[in-house]
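Note that the chains are named A, B, C and D in the order they appear, and that numbering of residues resets to 1 at the start of each chain.
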């Protein structure tokens, strides 16, 4: 018998624990070669209210076991998402969440209000790694009050499942995790990319035109496992692990460390079938250990 | 003509810009195979006032392009350093700094007082990645006030060059950098390891007995370059770049990004001759570009 | 689009430091069009795949042409016959071929998409002029196609002295590939030319937005999906990164 | 201690999944003592080197014996003759050999330091009994040394049924290598035995303190420098990690 791997994440029932991470799967319309049965859910590329051009090239640079990206949240804006993508999503057999971004707490709220009730939109993932323009460019994700304010602003406008995606660039992720949990988040995603820089020794300047970029890929996995684990210890809502998952074993590290599901990003660039292979690998692991469902997987989650 | 590569770091004249990072070169007595001419300086393994046993094994775990370590600052304590190592250091032709650690600001001060004036000790590197036991285990390095207090406490007890080694687990490294600069640091080292975790899927628990460990190696290089660059932009004192340097090109990334020198850690484990090869590679790069000294290397250091 | 484990079937040298590698990739060989590319990955290789134009396709095999410019290309060139490479493709939009005649202009490694372009152009009855330039004779790709061949070298050591662009006649269809500097010159002379442009790529499949191509009309296209072949006049050449190694030299 | 680029010179199978690899490392071959190890690294390999006991040393060559248990060992076994491996050694303290007779007890891959131990023990005039155990006959290392050989298998498919430790006679010098569980049993029966113990290693050269060996007297030694050979009674067997794969199975 195939082990059961469906999971309930803050009110959303997913067919499997392996999700496509925001910004690494477009709006799902490309989905090259992937067998969709394996996709627990898709989180859309991050969107803003208005269209955005994104950063000038070069936008990516490879680093040891990782890559830097500075896409600059290029996107068509909320109206195009409602018009062009949501109708397709409504037909699909897995849920699609929209990754929402703003420069002020109220902008996040407006975005949620516009999308709430649109068929095809199963929930929201709040990206709090954006600069808070009102507070002089500090990041929402670094400040528990700002993170909670964004979460509340969205919570007021929607009853749909609400996930908050945490930034790793903090001294204590538990503080932020608790703040957004109290503000009404249904689940947390840990983590977004780490800020990094790579220098072009021919030009004596950063490789990326935006100067810095977000580091993703296997390089950050041990950091992501730690942060997801810390978040899971801090809150009672589910935590979705993200960061450097390439193989099923990597996903299982997050699951054992207390996560309820995982998102896969960079791996999809390397192997378009990565999500399906990771999904199948988790099934195989459970079967080999005689575990009849994901719920039986032993977790390492000591409470302080 | 060989390009000039000697550098002045906060009052200390070094023969070259490539230093051995704390905890990766013991007390310098092992120095296997390395030609010492290439060593700009050695920073000792981190010491406390009293001897420490360190953590139970396993203490290390390999991760993609990196390694986690939880040595637990095993060491013989300050008296053994004064008795067994300092006399040897006094004979060597490169400076040795002691990496000092404590559980309270005053403990750091005491340590510096005991070592100040001991022949063979050329300066101090304050490791502020230790938990501040007095303040309930929060880290000195995360809090500008605590970091400054430690720096001041040491500054009062010694006139020797004083470097402060910053932790990367902060939202804004510039704030900490400025705080310790004001408190009297002569130079900064950026950065120490990132906290990470790796799970053993056979045991369903962390690979390291200490559960978490510090991530070092090439995986963290883009993060380290960014943080060192941010620190260099924030202060007027020299910044020494650390994190993931394996080849000369890696060191040059830090130097172009505004660092005055670099430290090499994990690379020495992989290749005992790494420091000499990196030193020679920097010389070769300068020569190939027609630069007559390190000072002529173009820097990318925009001021805000 | 296919994802195949392809065996390396052969390697030959075509210029100083420039090699053609053949691999067994039947589904790609039969479907690839001129100007499309494959994204290659391999065990113990770098994290990201590396994009290469398909140089030739014949029966069950495809070929790519490359030089060792970094870690990935060096590893590819060090492979032995029978070693396996994961091959994703065909990717991107290729050349559109219509008209009575075409000139195929390439500089250095820009020769990569041209053998297929010559094949496909002649298949639709176009008369093909092949113009290939490099710094010196030793760096010219020895293999040429088309009805007429024009060589150009910077030092005059073979063919016309000067650039491939300067050496090229006009034609109804102008296809070009090479350093960005060369393509910008093509754009000046033939705004309607089709140029194959290189960018850094994350995925090659359209999901990462890493391969931004700056457009004259503003904004960015995905070079892996809307490109890598563009109308020369559509590209904002000034906004293309100029400090990249590959954008500077041949 | 030497750091050499060593060419792979040969490979042979000695048990199911167990292979001996030879490499050209003259300086190490002539200086290595029984129980010492080398730390191996190679291009496109994992970041950290991998430690291996020296199995044999002969003229200009050394050998190591291994199974594919993870990425590094799998890559080593996939290498071809002539491929190069960076070889750092000899490292650590080996066995001390004195007395009239010695028994060399090994379980599974624990056979690794024994051929050298047999050679060196006989060189100082000791009479050597070789005791080697594994789960089944197929997993026994086919190569043996010493004046007398005793085989032991868990299933009795070859030699004595039971463990190598149970099958072993007493002797003045007892040398043992194998899973920690086995070595702990050795320690109970022969507190003076010399055991070669595995730990995770960062550097192999004494600078990282990663290879902590818990001691009965409290605190930790560096297995790479003070070890890997210890008096059995000196090791705090209870404090050795028990959840590691290598500490659990053979």
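The working rule: a contact is a pair of C-beta atoms (placed from the backbone, for glycine too) under 8 Å apart; a residue touches a chain by one contact, two chains touch by 3 or more.
This one's a predicted model, so the numbers in the text were calculated from it and none came from an experiment.
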{"item": "Touch-network distance, chain A to chain D, counted in steps", "value": "2"}
{"item": "Topological distance between chain A and chain B, in contact steps", "value": "1"}
{"item": "For chain B paired with chain C, centre-to-centre distance based on mean C-alpha positions, whole Å", "value": "46"}
{"item": "Distance from the mean Cα position of chain D to that of chain B, given in whole angstrom", "value": "35"}
{"item": "Cα-centroid distance, chain C relative to chain D, in whole angstrom", "value": "53"}
{"item": "Touching two or more other chains - residue numbers and ranges from chain B", "value": "61, 65-66, 205, 217-218"}
{"item": "Graph class of chain-chain contacts, one of line, ring, star, complete, other", "value": "ring"}
{"item": "Which chain pairs touch, all of them", "value": "A-B, A-C, B-D, C-D"}
{"item": "Residues of chain D defined as touching chain C within the complex", "value": "44-45, 75"}
{"item": "Chain B-touching residues of chain D, taken from the complex the two chains share", "value": "1-3, 41, 46-49, 86, 88, 199-214, 218-220, 225, 239-241, 243-245, 248"}
{"item": "Interfacial residue positions of chain A with respect to chain B in the complex", "value": "61, 63-66, 68, 139, 142, 169-172, 194-199, 201, 204-206, 212-213, 215, 217-223, 225-226, 229, 244, 249, 252-253, 256-257, 285, 298-300"}
{"item": "Contact footprint of chain D on chain B as seen in their complex", "value": "23-26, 30, 32-33, 45, 53-62, 65-67, 69, 71, 74, 200, 202-203, 205, 209, 217-218, 266, 268-273"}
